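Both complexes below contain chain A, partnered by chain B and then by chain C.
On to the complex of A and B.
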């Protein structure tokens, strides 16, 4: 209404006459610029989601806790503990007592409700800006099987994360990994798959053959890996929860270090050729094979760019192990790593702007990131052995594995954010290595 | 630090730099800038607000004014963090009452360029 009125005035009165009185009388706004602030996790409150009936009580409590754990685990948010809450939320549709939440300095508030009907569960939630006393976005609802209550919780947390950070979340995702057991010199290794937070682990292989480098497809429906079941390394693929296996390439020689293309239709991998190894691309059935590199050097650990047009890999063609980028159709490769030491296992960020890698320098292993042209190198971690980075679906967090020394030592999976903060161990039960992170699940 | 007092259009003395700085510091201490903002050097939002004579910010008056429309969700998130900062640290009671006309309407630029980014 106001806009319409202003427009009619501007049209009906000559501009010079209409504007002059205001130009002299109006006080210009006072303008200030804020360039510094406090950097601390944002405090939020998540009172228990309200169960719609007794059957939902347990699930509602568990979903609430997973939402809290997801958010706190990012290092970006801090939960105001329930013991500090003044207000009690007993109905999803009850008015929010903003003053009570403001009093405990909760900047964001998550309210929710959970219903259970048979084997189905439904979760509704709303996110509030406590100080603005306003909803942050629309309320949302997710439905699923009761057994998949953790996924429902992850989906809620993904939405909250996105609304509060402006980035997509990464909680509703899965990670393939190698589970290791037994003595250090005779490890039994299995390909496993788990939720991003280590929950719901499932073994996909039985441990009868050595398996390495699992690589999960973006939709988490397939896993590539290197198997020694035949004695020599071969690229294999698991589908349908591990029930089917397909040899990705039956070419003679050893094949290893596979990676899916972003759309899951192609595979890039290494194949031994003479005394070296070259890169090949094929479709997932093994057809349409294209050789990308030729020479006597070792070219391995290839990974696609997010658009599928380029490949980053490691090669010793220059005398030391360094990172190179080339077209996924073949052609010349450009070296992108130039720092001290050796570089390995590069993997492109899903956002396309960064490449993560393992760096070996000064007798230590590091996980680092650099821009796709090799500039801006930054080391995020360092230890006896840190290796094998993999990106979260939003390109903000990395997982990798850290090997501890000594007879009782072994690998464990860790996560770290792209600034090098918030280092956390991912709970896996036993030893675990070679994480490979899927995209967000649909 | 001294500041020259310059008459405003209404004939009153203008806000001194320490007075402006006091407001800036008042907002700054409540600006919980989004941690790990991606490409912070690309981000800057300006919002406008009206203050009551008591120094309280009038919540309903807070508006984003630049950039509009917001290019992506990060700007919206930065705007919301700025809005929270303004409200949380209100009232700004140190502002001189006799110069109310000069600080009644404010524009605040939130510029995270120098802060942690990825």
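On to the complex of A and C.
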């Protein structure tokens, strides 16, 4: 039973395919910019990936659809549907009938093929700039287990996204989260992990103990979380090799709000101290503990900068919850939030340029972003409860959870891009909260 | 045509079942082994598999009419004069019934973020313990725990419910009538 989660995810490093020589027109590269302005989604076509033989027919169709869904789901691309296609792609290596794709205004064309043999699958694709009548980048091939066909599709979509936006992709990634059920007064909570699009959800804990704030490592192999399994809230860790274990050597006291350092070797967390709470950093396994804050205020929700040198956190030392930044080795903290309201749950973009946060103002909760010096504050969402942002691997999209009010209400996970556009719900089976997004998987 | 030979593996997390192990902590106090074990119906909280009483009025210490809880202002853990009155009555009973260990649960309402509410719950429980100790209850008799906003007694999205959730509850564990 315990191996239910283990999937052989050996994905080969992509291989470049031999290309037919085409005359490349000297023209601006096909590109959609992710900017503040109004976006007109780029129309693209993805005719069904060609199966190499009957065994691949079903997988080829499913992979094609996931590639399409990934791109359309960004809000940056619009699919020209199959019903509008003039040309049919029946062979991966056949010449492209550019005029037919141009006629239906597909600016980008994705062609592909899928082969299956036994439990191994292989996908190859090419991306075409239709109006330039030229390939956009190299054709690539990905190999993996058939069971991980979704990851193969995400790898293709990440390549297409990167070439068309100039940004790295984010589709081949995993999200840890809390699955909640039962009455609001006594929720049963489990740590789950799923693909970024909600597929392949698996529960990592059984619900017998209250669990909170899962935080996934960048490589998705470990999850830090807070658990009441020992009676009081304690920071614990789940990893591929075995059972949950405590990570903080000092067994006394209540610890919570853990996060990995970027290299995964350390953990920063909050510990109740008297009537306040302080931040501590220690090695996974407990050694090398450093106390970052002292005093009687509440210091919590810490997060590392992507270079691991600084920590952003929330503190009420000034009277209300505000955001502060300090060195991960200790020292003075500088306040970076200055607007009206309370600021909480800060997380540093993997690009290092921005910090996302929860803001409570005027009785509403908002997800917002600001530059790391606190300037440029922008609110992206607002509702009764919008909370707990987590960054996509490319720092251009956020997930968070939104909770509807009242006894029958509950949390759901949403995503939004950093311009505030493309708010979408991430489909989960029931109530879900506290998303934590991994890095791009390799 | 280039073909790489490196194969990259990606690990996956293995399903584990957390074992809820009861353990003693420091003094003779037994920490509840599950999030609901400490409640025993006090305050009418629903159990994992059942529905409790409405419990809007809150509970009492065993066999008494002394309230088992105090309430707090938004984002605060300071004790009001009314709270101190209730706690002093609790201290009186605890002094006369010295055998039972005491657990103070701190809670918060849902109009704040999760981590802050965890700390706030702990802060409230700590404030109650500090007062009890100042009134003569031995420090080792009292343990504290926070539940943040995880265990509300009232779920309506109004201040009348939020106020009830901003509480510290005194749970007498292992004593008569508990």
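The rule is short, and it goes like this: the second predicted complex is superposed on the first by the 393 of 442 C-alpha atoms of A that agree within 3 Å, B and C clash if a C-alpha of one lies under 4 Å from a C-alpha of the other, contacts with A are read in each partner's own complex, and residues count from 1 in each chain.
As a working rule, contacts are C-beta pairs under 8 Å (C-beta built on N, C-alpha and C of every residue); 3 or more make two chains touch, one makes a residue touch a chain.
Remember, predicted model here, so these are calculated numbers, not experimental data.
Asker: Figure out whether A:396 sits in contact with chain B (first) or chain C (second), or with both, or with neither.
Answerer: After superposing on A, A:396 lies in contact with chain B but is clear of chain C.
Asker: Give one of first, second, both or neither to describe whether A:382 is in contact with chain B, with chain C, with both, or with none.
Answerer: After superposing on A, A:382 lies clear of both chain B and chain C.
Asker: Of the two partner chains, chain B (first) and chain C (second), which one does A:107 touch, if any: first, second, both, or neither?
Answerer: A:107: touches chain B, not chain C.
Asker: For A:162, using the defined touch cut-off, is the partner it touches chain B, chain C, both, or neither? Pick first, second, both or neither.
Answerer: First partner only.
Asker: Let me test your reading of the model: by the given contact rule, A:75 touches which partner, first (chain B), second (chain C), both or neither?
Answerer: first
Asker: Can A:133 be said to touch chain B (first), chain C (second), both, or neither?
Answerer: first
Asker: Count the residues of chain A touched by chain B and by chain C, then name the partner with the higher count.
Answerer: The partner making contact with more of chain A's residues is C.
Asker: Touching chain A in the complex: which residues of chain B?
Answerer: Touch list, chain B to chain A: 8-10, 15, 20, 23-24, 27-36, 38, 48, 59, 62, 72-78, 80, 82-85, 87-88, 101-116, 118.
Asker: Show me the residue ranges of chain C that touch chain A in the complex, using the header's touch definition.
Answerer: Against chain A, chain C makes touches at 1-4, 6-23, 25-26, 31-36, 45-48, 51-52, 75, 77, 110-116, 118-120, 122-123, 126-127, 130, 145-148, 150-153, 155-157.
Asker: Inside the complex, what are the residues of chain A that reach chain B?
Answerer: 24-25, 27, 29-42, 75-76, 107, 129, 131-133, 136, 162-167, 396, 417-419
Asker: Please give the residue numbers of chain A that touch chain C in the complex, ascending.
Answerer: Touch list, chain A to chain C: 1-18, 151, 182-188, 193, 202-206, 208-213, 219-223, 226-233, 238-244, 252, 254, 256-257, 270, 272, 274-277, 298, 300-301, 314, 316, 320-321, 342, 344-345, 358, 360, 363, 384-385, 387-388, 403, 405-407, 409, 434, 441-442.
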